[in-house]
Amino acid sequence: MSAPQPVMSAAELNDYIFEVYPQILDQYPGHQVMLVEPGRVVVRMDTDERHIRAGGTVSGPTLFALADMGGYSCVLSHVGREALAVTTNLNINFMRKAEPGRLEADCTILKLGKRLMVFEASICVEGSDDVIAHATGTYAIPPK
Amino acid sequence: MSAPQPVMSAAELNDYIFEVYPQILDQYPGHQVMLVEPGRVVVRMDTDERHIRAGGTVSGPTLFALADMGGYSCVLSHVGREALAVTTNLNINFMRKAEPGRLEADCTILKLGKRLMVFEASICVEGSDDVIAHATGTYAIPPK
Amino acid sequence: MSAPQPVMSAAELNDYIFEVYPQILDQYPGHQVMLVEPGRVVVRMDTDERHIRAGGTVSGPTLFALADMGGYSCVLSHVGREALAVTTNLNINFMRKAEPGRLEADCTILKLGKRLMVFEASICVEGSDDVIAHATGTYAIPPK
Amino acid sequence: MSAPQPVMSAAELNDYIFEVYPQILDQYPGHQVMLVEPGRVVVRMDTDERHIRAGGTVSGPTLFALADMGGYSCVLSHVGREALAVTTNLNINFMRKAEPGRLEADCTILKLGKRLMVFEASICVEGSDDVIAHATGTYAIPPK
């Protein structure tokens, strides 16, 4: 398979996300798209005491949010300014506990169709390659 | 199957959750366990402008958080004060858009084993029976 | 939500499935749609020594096949003769072991859109209400 | 993460699978473990007219079976002769249609704990790198 080609750079994507989803930085400080390549996007997020659960580790909803923003960044960067693309399904496995800090999601597009995009995301602490959580999900692309 | 029996009431469970997970009300105002029955728990959450995504509807991570708190409430209410029970897997389908407001998750225990609990959750706007999102998930129960 | 209305009876659906998918009875003897109601379908399957895995219990692929036929029956019965409707995602939790015998999947349509149908399926041994496996899945409906 | 180390070779694993699960070759001809490496297993399967669905493409249950055998091969090769390891959850996305023929599943262990193993599997037609289906799943490892 030749990987799908992006239509926006990381910088353009960050500007667009902050424009259509201004809440993101209040809820998830440090959110940023770091890399856009053919069929691949890397996003990061900072987590602090607001994002932990009982036991002092980063909460499931926080990891879900990072995976979901990774998928959203995949679809926008490769399809264009379709703010209303929506998640239809997301499956996530939680594998290791993580202390609060900077997290990265490395996301790959598995399929980019006209109506659906399927992706996977591996979440690690920045600088580590231990996978904390792994997700696969589907976005519906609005009809033209 | 005879449904598993709860070991805590809704009031005891609310007290315990606020004790071990004090962050919850900052992130998710109005979070409350409304009902605990054999094999079933209902939890609610209020959503406002902080919980919406592009397009003005309640975000995926918010709906995930409610489903996940429903599962956490299932395991605690039926197993006891095991704050360190953790989600191992959660799969969620998003089916309808929802305006910000009060949401409820009606959760059923599908299996309560010694090591794993499996549940499903249907999320609706309070007072409606249109399912906005449906989740199934697994919690790992800490060994004694 | 008012439940979606079926457009085919169980008898019409059985005829149609055997016409477009004649392999089904070789692989899965006794496969039959038992009930079609608004938003709900019940399908059954007989399992024998061909369908067991190590340990003598019914195999995962067999239970997957029953859940998937349940979803296929949901979409066909409520959308019409769309043999090329395809599963895009299926998530299944295996909860109890089952001896070979007659199994039933009780399936509910969670959403019937123009492009996607989402369903859930609970699989039990006929005559029991212990859930052996629970699945949720999505079918893509071919464009007109 | 240092990848987990296998405790059986591909040849030992094939012998063991045929011993504990003799049905496999009747249902899935050509099933074979091709490769065992630290944290990784490749399995293959031949598909023919028995494995197709309406439309002439390889059926979902067949692809599920290959992904599931990949996960089973991951757990056995890295934990040892634990025939009673069982799938607790499997999530699969179907992305492209495939003609009958030889299929391969390239499987990676995402986590190998004492009680649970999590893996992912990418399924392709032999000799192609177009991903037909992608799965993630969890196996429960029997207590010692």
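A, B, C and D label the chains in the order they appear, each numbered from 1.
In the analysis below, a residue touches a chain if its C-beta (ideal position, glycine included) is under 8 Å from a C-beta of that chain, and two chains touch if they have at least 3 such contacts.
Just so we're clear, the structure is a prediction, and the values are computed from it rather than from any experiment.
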- Item | Selected pair, greater C-beta contact count between A-C and A-D | A-D
- chain A-chain B separation of Cα centroids, rounded to whole Å: 23
- Query: Quick one: chain A and chain D, Cα centre-to-centre, how many Å?
  - Reply: 28
- Could you please state the distance in Å, as a whole number, between where the Cα atoms of chain A are centred and where those of chain C are centred? 33
- Identify all positions of chain B at which a residue touches two or more other chains, and write them in rising order. 88-89, 91, 93, 138
- Message: Which category does the touching pattern between chains fall into here: line, ring, star, complete, or other?
- Response: complete
- Message: Please output the residues of chain C touching chain D within their complex, sorted ascending.
- Response: 20-21, 23, 26-27, 49-50, 52-55, 60-62, 64-65, 68, 83-84, 86-94, 97
- Task: Could you please specify the touching residues of chain C with respect to chain A in the complex?
- Result: 88-89, 91, 115-116, 138, 140
- Query: Which part of chain A faces chain D closely enough to touch in the complex?
  - Reply: 1, 91, 93, 95-96, 110-111, 118, 120, 129-131, 134, 136, 138
